[in-house]
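The structures come next, written out as structure tokens.
Next come two complexes built around subunit A: one with subunit B, the other with subunit C.
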Partner chain A sequence: MTREEKITRLQDIFRDVLDRPELRITENFSVADCPEWDSVATVQIVLAVEAAFNIRAPTEVVANLRSVRQLLELLP
Partner chain B sequence: MNEATQPDYFASALARARTRRAANDIPGALRELRSGLDGKVDYLNAVAVASFLKNTTQNNPPAGWPAVHVALIGPDSVELLKPVFRALAFRDGWWPIFYDAPYGAWAQDILDPNSGLRAFKPEATFILRSWRAAGADAEIYLRDELSLATHASQGLGMVFWPGFDLPRENTKTFVTLNEHLRADLPPDITWVDLAEAQSLAGEDWDDERLWQAVKQHPSAAGSIVLVELWLALLRARQGRVRKVLVTDLDDTLWGGTVGEDGVDGLHIGKNTPDGESRTAFQDYLISLKNRGVLLTVCSKNNDADALEVFKRRNMPLKRDDFAAWIVNWNDKTENLRSLAKSLNVSLDAFVFVDNDPAERARVRETLPEVAVPELSSHPSEWIATLRNRRFFDTLTLTKEDANRHAAYQANQQRAAMAASSTSLEDFLRGLDMVCEHGPFTPDNFARVEQLLSRTNQWNLTTRRHTRAQLDAFRTNPNVLTHVFHLRDRFGDNGLVGLWIATQRPGSANTASTDWEIDSFLMSCRVIGRGLEQFMFNTLVETLRKRGAKHLFGTYIPTAKNTQVAGFFPKLGFQTTSEKAEDKTQTFLLTMVAAKSQHHYISQTAAC
Partner chain C sequence: MTFALHHIGYLASDLEAAAARWCADLGYLRDGPVHEDAFQTAKVCFLRLPGHGPRLELISPAGKDSKLSNALRKGVTLHHLCYEVPKITDALATLRGKGWLQLGEPAPAVAFGGRSIAWMMDKHGVLIELLQSGPGPYQLKTT
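Right, the complex of A and B next:
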């Protein structure tokens, strides 16, 4: 999977979790760009990424995910 | 089956909901979204629904939806549970307004009469805490928690208190702890068997990482199981338990189509894997019937063909297991309406089971009050699908539950007799009805509580008294109670009616001669037999012995009890007032004017 494809899949996840069907993300997208991205959404995004990519994120990321770049580092 | 051949049921419902929303059709969007929750729902589906609702309705209940104040509290975080609760309550047709609990302050919230929780006035309060809360000295913990529970039993609406889920080690201590907790909880509090939810979720119940990261327990998967349990207990407390299961025949109860494959070509029984799974499903339906669920058939078929299958094939289910049966080629939603009418049970107590996605979609669209679980193409999964939804979970199982099916069948014999009788009097006289009656006792408490919580139609006040209130009534000399047990030539109807009368407060030296009817209700299975006349006569006789001079009756209208609106005037009561706000009506009867009502019931000794 290319980096572009990964970002597209992550974008789908953000759209579902936050209910923002038109949302566009880049690898620079972060908490600061999105008022709905609160502490609850953080956990939900991580859980959704884990399910979609069949991976398991470290505890630190579950609590403190801040950016799409952090997610990309987790992906195989 | 891979994703390419079976598109994700939830994802396609969500996509349709978004399309409708984009076209500004909000009711249509919500309907599509809700249908998506009829399939298997995972945590992320629930999150998507909760976010959709938040953005679509700005967190306001959709027009016409009941909103209920709900508090989720406990020592740990409950924020990740709220989307699950929001989504599944939406599926159930109501809208929680959540209490925003300050983290870690649940005990103060319960104990302090001026707390935010008390000011919020919850109608339902759900407590969540895991075994971790008990700490090293479980006994001291339990004592403190029981004291909290006692405070929580007042002023927090319906309270749902958890047993402990079980840690992998030291399990026995917690099993014992649960026994003590359950035995000592105040009777008005509903016990939540967290250990049962845990065992249903299996290994998935725990997520140590979520606990360490955000103090969330149970896991995302476990929270679905937990909320399903909570909502089932809430439905049971509110008297909204489903009562009727409607099943299709072809490709549902058996594999194949009788019209095409013939009676002998159908898959049922142990000879084929498909037949085996159908047999297991039929066995499950029989277990539901034994718990008091009414089984009914609604099938597009030739009636004679369908009957032939039950005659010639050896199956667990027999024709007699069904309390009602409609086999024809008419539209199924019309047939469901007929079934509701013939059973005298409203459609919001129905569960519709059909292998055909088009039939399911049509029923969902036309009759949104009917529950329509989405069935996979694998019949072997259907039992779990129905079990996970907990449609038929009740708080207690009584003798009447087990006998309900026989009672409904007897009703059909009565209907046949009514049809052949020359007049109503002729029919009622021919029934040879006998009634035992007497005050509430500990022996009939479970059934009394159930009648109060479930009876919606023939019920003048629809007051849902709890066990503790009933206990208080029984020992209070200013309250009179009575239950009625009706039998006739076709069988035993069980305990099917009750009234509660309360004496108004008197002056210092004299007792009041004014009495009020707190509750007066009858199970819908005996409507039309004149039992209410008999019950009224016992009320008058009992009150005369107590020196009553005035009797006040109240009618509290609901969506379901319009048939009793004229009850008091018919008995000679005068209207005293009508409150504008909730349409409650009060009536008065002077006891000297009370007339003995005519009926066809003979009485026997007190029950």
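Right, the complex of A and C next:
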């Protein structure tokens, strides 16, 4: 899967969790760009990413997650 | 793995006003002092109904930079359920395998005399606290 394909899949997850079907994200997208991205959304995003990509996010990553770039670094 | 409901966490901006209301309206009794936990950025106190049952934990932000301030601004009041467990690391692993996310490493809690607590949340946004069983204040079976 290319980086662009990963971002597209992440974008689907963000749209669903944040309830923003028009949302477009890049790897620079961060909590600062989106007031709906709060601590609860972070948990929902991480759990959805884990299920979609069959990965397990380390606890320290969850605690400090602020950007799409950090999520991309978790993906195989 | 057994999970015993220890308390229900209720978020309030004014701890004393909230305690007074729960005591006056529902007959709760104060149970211990107010504890301030810098790591959790919270002040807490416990209430309980006469006789039995899980406690009510009232929580308020300790300072304007508290992690809890944002939740209060969003109108959150019922905040979490706390379960006492025999071994917190085992409980974390069990729930992690069932789709719960761990929100940081276990840490000693001031209110519980240093017993460890840890936080987990599921995909629905349900927040639970895990409390290591053992000696210390606020035992489950007190009279």
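Keep in mind that, in the parts below, the second predicted complex is superposed on the first by the 76 of 76 C-alpha atoms of A that agree within 3 Å, B and C clash if a C-alpha of one lies under 4 Å from a C-alpha of the other, contacts with A are read in each partner's own complex, and residues count from 1 in each chain.
The rule is short, and it goes like this: a contact is a pair of C-beta atoms (placed from the backbone, for glycine too) under 8 Å apart; a residue touches a chain by one contact, two chains touch by 3 or more.
Keep in mind it's a predicted model, so treat the numbers as computed, not measured.
Superposition of the two complexes onto subunit A shows a clash between subunit B and subunit C. In the superposed model, A:D16 makes contact with subunit B only, not with subunit C. When both complexes are overlaid on chain A, the residue A:Q70 reaches neither subunit B nor subunit C. In the superposition on chain A, contact of A:L47 is made with both subunit B and subunit C.
Between subunit B and subunit C, the partner in contact with more residues of subunit A is B.
In the superposition on chain A, contact of A:T59 is made with both subunit B and subunit C. After superposition on chain A, the stretch of subunit B that runs into subunit C among 4-12, 58-66, 130-138 or 580-588 is 130-138. Counting contacts as defined above, subunit A residues 39-40, 43-44, 47-48, 59, 62-63 meet subunit B in one complex and subunit C in the other.
Looking at the complex, you find that subunit A touches subunit C at residues 38-40, 43-44, 46-48, 57, 59, 62-63.
Those residues of subunit A that touch subunit B in the complex are listed here as 16-21, 36, 39-40, 43-44, 47-48, 51, 59-60, 62-63. Within the complex, the subunit B residues that touch subunit A are 14, 18, 22, 42-44, 47-48, 51-52, 54-55, 79-80, 83, 209-210, 212-214, 216, 220. Of all the residues in subunit C, the ones that touch subunit A in their complex are 70, 74, 99, 101-105, 121-123, 125.
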